[in-house]
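Notes for the one structure printed next.
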Amino acid sequence: MSALINTAFSEPELPFYSPSGSECLLFEHAYRNQLPVLLKGPTGCGKTRFVAHMAEKLGRKLYTVSCHDDLTSADLTGRYLLKGGETVWVDGPLTRAVREGAIVYLDEVVEARKDVTVVLHPVTDDRRLLPLERTGELIAAPPEFMLVVSYNPGYQNVLKSLKPSTRQRFIALEFGFPAPEEEARIVASESGLPRDRCVPLVRVANALRELTGQDIEEGASTRLVIHCASLIASGIKPEIAIEAALLQPLTDDPEVMRALVRIAEIALG
Amino acid sequence: MSALINTAFSEPELPFYSPSGSECLLFEHAYRNQLPVLLKGPTGCGKTRFVAHMAEKLGRKLYTVSCHDDLTSADLTGRYLLKGGETVWVDGPLTRAVREGAIVYLDEVVEARKDVTVVLHPVTDDRRLLPLERTGELIAAPPEFMLVVSYNPGYQNVLKSLKPSTRQRFIALEFGFPAPEEEARIVASESGLPRDRCVPLVRVANALRELTGQDIEEGASTRLVIHCASLIASGIKPEIAIEAALLQPLTDDPEVMRALVRIAEIALG
Amino acid sequence: MSALINTAFSEPELPFYSPSGSECLLFEHAYRNQLPVLLKGPTGCGKTRFVAHMAEKLGRKLYTVSCHDDLTSADLTGRYLLKGGETVWVDGPLTRAVREGAIVYLDEVVEARKDVTVVLHPVTDDRRLLPLERTGELIAAPPEFMLVVSYNPGYQNVLKSLKPSTRQRFIALEFGFPAPEEEARIVASESGLPRDRCVPLVRVANALRELTGQDIEEGASTRLVIHCASLIASGIKPEIAIEAALLQPLTDDPEVMRALVRIAEIALG
Amino acid sequence: MSALINTAFSEPELPFYSPSGSECLLFEHAYRNQLPVLLKGPTGCGKTRFVAHMAEKLGRKLYTVSCHDDLTSADLTGRYLLKGGETVWVDGPLTRAVREGAIVYLDEVVEARKDVTVVLHPVTDDRRLLPLERTGELIAAPPEFMLVVSYNPGYQNVLKSLKPSTRQRFIALEFGFPAPEEEARIVASESGLPRDRCVPLVRVANALRELTGQDIEEGASTRLVIHCASLIASGIKPEIAIEAALLQPLTDDPEVMRALVRIAEIALG
Amino acid sequence: MSALINTAFSEPELPFYSPSGSECLLFEHAYRNQLPVLLKGPTGCGKTRFVAHMAEKLGRKLYTVSCHDDLTSADLTGRYLLKGGETVWVDGPLTRAVREGAIVYLDEVVEARKDVTVVLHPVTDDRRLLPLERTGELIAAPPEFMLVVSYNPGYQNVLKSLKPSTRQRFIALEFGFPAPEEEARIVASESGLPRDRCVPLVRVANALRELTGQDIEEGASTRLVIHCASLIASGIKPEIAIEAALLQPLTDDPEVMRALVRIAEIALG
Amino acid sequence: MSALINTAFSEPELPFYSPSGSECLLFEHAYRNQLPVLLKGPTGCGKTRFVAHMAEKLGRKLYTVSCHDDLTSADLTGRYLLKGGETVWVDGPLTRAVREGAIVYLDEVVEARKDVTVVLHPVTDDRRLLPLERTGELIAAPPEFMLVVSYNPGYQNVLKSLKPSTRQRFIALEFGFPAPEEEARIVASESGLPRDRCVPLVRVANALRELTGQDIEEGASTRLVIHCASLIASGIKPEIAIEAALLQPLTDDPEVMRALVRIAEIALG
């Protein structure tokens, strides 16, 4: 598995990304027109990688934030910390991105608490302003600043969704898994396992993805296929690697597990 | 897309707004009679823009606050911060607006927590007083101070609504989308795309708006139409721009998505 | 609209109030017998005005607190604040009223959190004591101190109500809207619109009040009628003023709105 | 209305209390055997007065705490406060009572939060110890210390009740309203209204008490009858005083109100 | 009632405990094998007394903590307090017990918040380690340290129970009420009432215990029988003492109360 | 019972672990390929022991964290503490493990709060980065760092589960109880009881495990069998030790208890 380093750190090579449609073009034009972008798609299909790729291509630093139930606007904008008996303001990742003209990526944005709208709304309408209510500052975003958010519509519940007033601020791109040959090429490149040995693993993954929403919540991601190939390349027997890396992460139900093993056997031929 | 700057910052030109009824007249008379105003209407129909326009026209500074689940009265009035071992009071946007005789605009006010009534009630009855309970101060609002609030009745739930005792303090104005020709003119002006190329985009938006409350939560806003026109003006093919800017932001359901694509095709002719 | 100033500020004139029963007499005797008073009645029928009037008449300073979901006993009694590295106690409005022998008015008391009972109970039984648990102080209320609370039984829900052990400490007075001729006189006096032009507006309001609990949560308050008359006196056409000030604040439902417009037309004749 | 002062303050006279059974004897023996006491009974029947009377009789200082939803064990035991950059421990009312050998009375104890058990359990079993976990102190209660709690079983809900492991630490006494002649004597003594004029008021109260749990949550308390008699003694007409002091505090429902008026008329004869 | 003092305080005599099975032997062997112990049984059957007895017998200091809804791991392990502008760590009772090789007893452990598992798990598996995450300390428990927890399965609800991963760390002992003659002996010894006068009281208690889970949540505890006997020894008439100490603490329902009185009369013969 | 010491402390001998499949091989290859590992299995089947064994074998220090309802990302990454009037950052166990290239083991990870994803996601994808948002630091994990998490699928509820986007980052290994002869060998080795006397105890445990999910939530763990054997080796009679160590920890229901006793008798023969 290659040691891909986050684009926020100065390194020369462009993170590998294989486009499957017009997503690169749309992202670039959204950037040039200062429009925020929303990425939709299943787990591990390459959304994070895509943003890293585009950030590098556009020559912009990237700040990534994994959103969660307790993430508040202060986690994005910053907060006061006590230093030497004095409160000192420390910028959050969004504020840093606005000041530096960077790209900020909020992964699984629907997980964040509702007060993030207080900062997302003014930076995503034509004002492009970041209000820091605690300090009273109002920062105008430079043209180079870009906001990207993502979420997975597959297991998004009713309670957690973006309000229309938030959604309708974004250009939205839908992501899926790459085509089989393409995915085999990616898996081979990331794991070091020869491409012809990756093809049956991708076939297993695609057979599992057809069960999404029925017996399993989500099919195996490209990331899991790479894990599996890495274990095989490292010397683990294929059937053991497939069970540990492709099947066990998908279910805890013994009966479903038996069905997955059977499906994998059939897919392998 | 024009770089409209918030009216809180001193700039000469009046934010463009195209009135569709007597809303400008009513707003102005409400201001002169020191009556607070409530704006009702769907996402992205121009409420924020209208307030910015009126603030500029009346020569008043504007403070905008996007309300959310965790917004409390302290976020509006101010709080004590620790500086040099001493607590220092820092005014919130409402307090600043009252002191300076400015307009304060609470966007989506129903999202705020219930303790905001503690400050909204006394500034919206005939006393026009802002009590700062933490400091014990009681500030009388000058005649130039005005409170404007908005919300979107379309997706307002039962738990979140203004109590009659709060609502019945406001003059209420209802907003809708501009007429087609007018909207095309606005889109052309904001995106730089020729007006005749904007007309079919507005037609698509209106076809989508008829589905509101059925398959989609809300129809495409004027803001989305401008996004779409900006991408086309920037060189993206119309069908790709329409999908990314007008359709994908409205739904995550593949079946609904296919229906929206078909509706867009019909509207384009 | 007259600029009525809060009675907490030293000004000569008595806030105008037009009694409709024995409420002034009962309030005065409750004050003389050191009994707390509970006011019940719909939004905008004059409860706040009545308390301001009585406070002025009895020569007592008035502290008004709008209660809400997050109001705690500390908001009423006071709290410690950090000043110069030292915690300093700052009295809340209730404590100030007890110390100064003033009237404190808790508007919509059922909205407050349950810990307010900790301060309401001892000041409303024969002990008339205010315990400040944080400081260990126990303040005896002077005979001039009076507690007044109010709430609106119309939209009070099951979860939020006064416990009998709290309610049964108060003399209770019920309020309604003034008689039509009286209300027209009040509206004329507050808005500056001639009385004969106020009469049809009051007729519209009374027609709307008959719908309370059916299509609308509450009928139009006297305050809304004054708003409406102010706009007309200021030059707005009556039908536009009626829609913005009397009808739009009552509902968001387009169908109900059409019914209200029709009812208003009939009432205007 | 007599100005009864809290027994926590040194004053000579014994708070008037008229015993209706063996409650004084039981309380005294519980005190001598160092047993905690639980008082059960409706609102305003004299539980608080009884405790004040017994505290005076036994020569013990009394600390009264009105319990509520947010009352925690720290409110009873004490907390650290910041003074001059140093945290200083400040005793709560329970700790003060234990240190001084006083009586502490927790009114409506079921309203308190569950962590109060942490202090109630060790002081109510044979150890009679008060642990101050924050300071690491463990205070042995002197024989003179006594814990008294009360609650009203009438409107106690399922969620809020004492756990058996807490209840089974107390001697329990049930309270009701005094007999009619006795109650008339108490009302006369407290209000200054001649006794024969108090008799019909008590008759009204008893008629209302028969409706408890049907149309009204609780019948009129002795406190309300005293309020009513005080207003009459002060010059208010009986029918107006009865409505404001005895009927309006019991219900907000207009239909129930009409029934209560009729019942009062019948009781008055 | 004898003045039993907590064993944490150096006093010579062994707290009286009358074993009813092999519980003393099992406890001692669990102690010698460094196994944690779980005590199950109804309110007031002697669990706390048993632990005090065993701690004295084994020559170990005892720390008792009454668990509740808001008890967190920090309440057990300790926390930082601000002293002289410096944060100072203060050990909680569990940490003190680990450092000193004492017995810590968590009464009604299921009431505690779930984060107590963070400290219970490592001290109850073969590592016997107490991690203090705030200080980064990891304390190895000496062989003399012992953890004892208890709960009452009778009124334990579904939401509150020990997870199997926690339960399966303990030797579990079940407790019940002592045999009638034994209980009479205990009651006589604790109350000072002659043993033959205690026998009928125990008979009443046992009659009441048969109703557990039907009309009453739990039957009368041994503690209540001792309270009752103490009142009688002190001069209160038996029927009054029985009602106040044995019956009123069990129910608030008048009908159930009448049934309990009848059952007591029958049991007394 | 042997005094096994946590591997975080420098001691020579390898914690005893008896592999039952390819788990050691898979764990080692996951470590070499820098893949995070998820362990699934019932309470007390040896997951914690397995991680301790592997950490020792791979020569890595081990940090173990028992997760719970209130565990947040700050508990894992660290927080600011006030020292000498200055805030000082103190690393949490995850941060320490990343800095030192150690193994961190999150036991029952599904119990933790959702904001732990903010730190788990970036350290488990190809970036292998730990963001410390409070300090603005971004630490790259060395190849020696490894994240291991575990949970028990048996009693995992619907509300608490790993999101697919989190799960699909791990190689997953399923654990069960060891084979009977193997388990008897482990129990003998840990308790000091001769192996032939351990065999019937393991037979009882396996009989109880067949009831899992029916009358009892989980069957007896290997840990409980060791407890039981330790008590017997220490001199307690087998039937008493079995009841206290194997049966009472499984249920509180008297009827189920009787059934378990009967099952144990049959299994013992």
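As written, the chain order gives the labels A, B, C, D, E and F, with residue 1 at the start of each chain.
As a convention for this text, a contact is a pair of C-beta atoms (placed from the backbone, for glycine too) under 8 Å apart; a residue touches a chain by one contact, two chains touch by 3 or more.
Molecules present, by chain and UniProt name: A, B, C, D, E, F = Nitric oxide reductase NorQ protein.
Source: prediction; values computed, not measured.
**Q** Among all the other chains, which ones are in touch with both chain A and chain C?
**A** B
**Q** Trace the shortest chain of touching neighbours from chain A to chain F and give its length in steps.
**A** The distance in steps between these two chains is 1.
**Q** Degrees of rotation, nearest 5, to put the Cα trace of chain A on chain E?
**A** Chain A sits rotated relative to chain E by 120 degrees.
**Q** Counting residue numbers used by both copies over all numbers at the interface, does the chain B-chain C contact come out same (over half shared) or different (under half)?
**A** different
**Q** Please compute the C-alpha centroid of chain C, do the same for chain F, then give the distance between them in whole Å.
**A** That pair's centroid distance is 61 Å.
**Q** Could you grab the centroid distance between chain C and chain D? Build each centroid from C-alpha atoms only and quote it in angstrom.
**A** 30
**Q** How many angstrom lie between the CA centroids of chain B and chain F, rounded to a whole number?
**A** 53
**Q** Mind pulling the residue numbers of chain E that touch at least two other chains?
**A** 82, 85
**Q** Touching chain D in the complex: which residues of chain C?
**A** 22, 25-26, 29-30, 32-35, 38, 40, 72-73, 80, 82, 85-87, 113-118, 121-122, 125-127, 129, 131, 133-134, 136, 138, 140, 153, 156, 163-165, 167-174
**Q** Which residues of chain F touch chain E once you look at their complex with the stated criterion?
**A** 1-6, 8, 43-44, 48, 64-71, 75, 81-85, 90-93, 107-108, 111, 152, 154-155, 190, 217-218, 220-221, 223-224, 227, 230-231, 234-236, 240, 244-245, 248-250, 252
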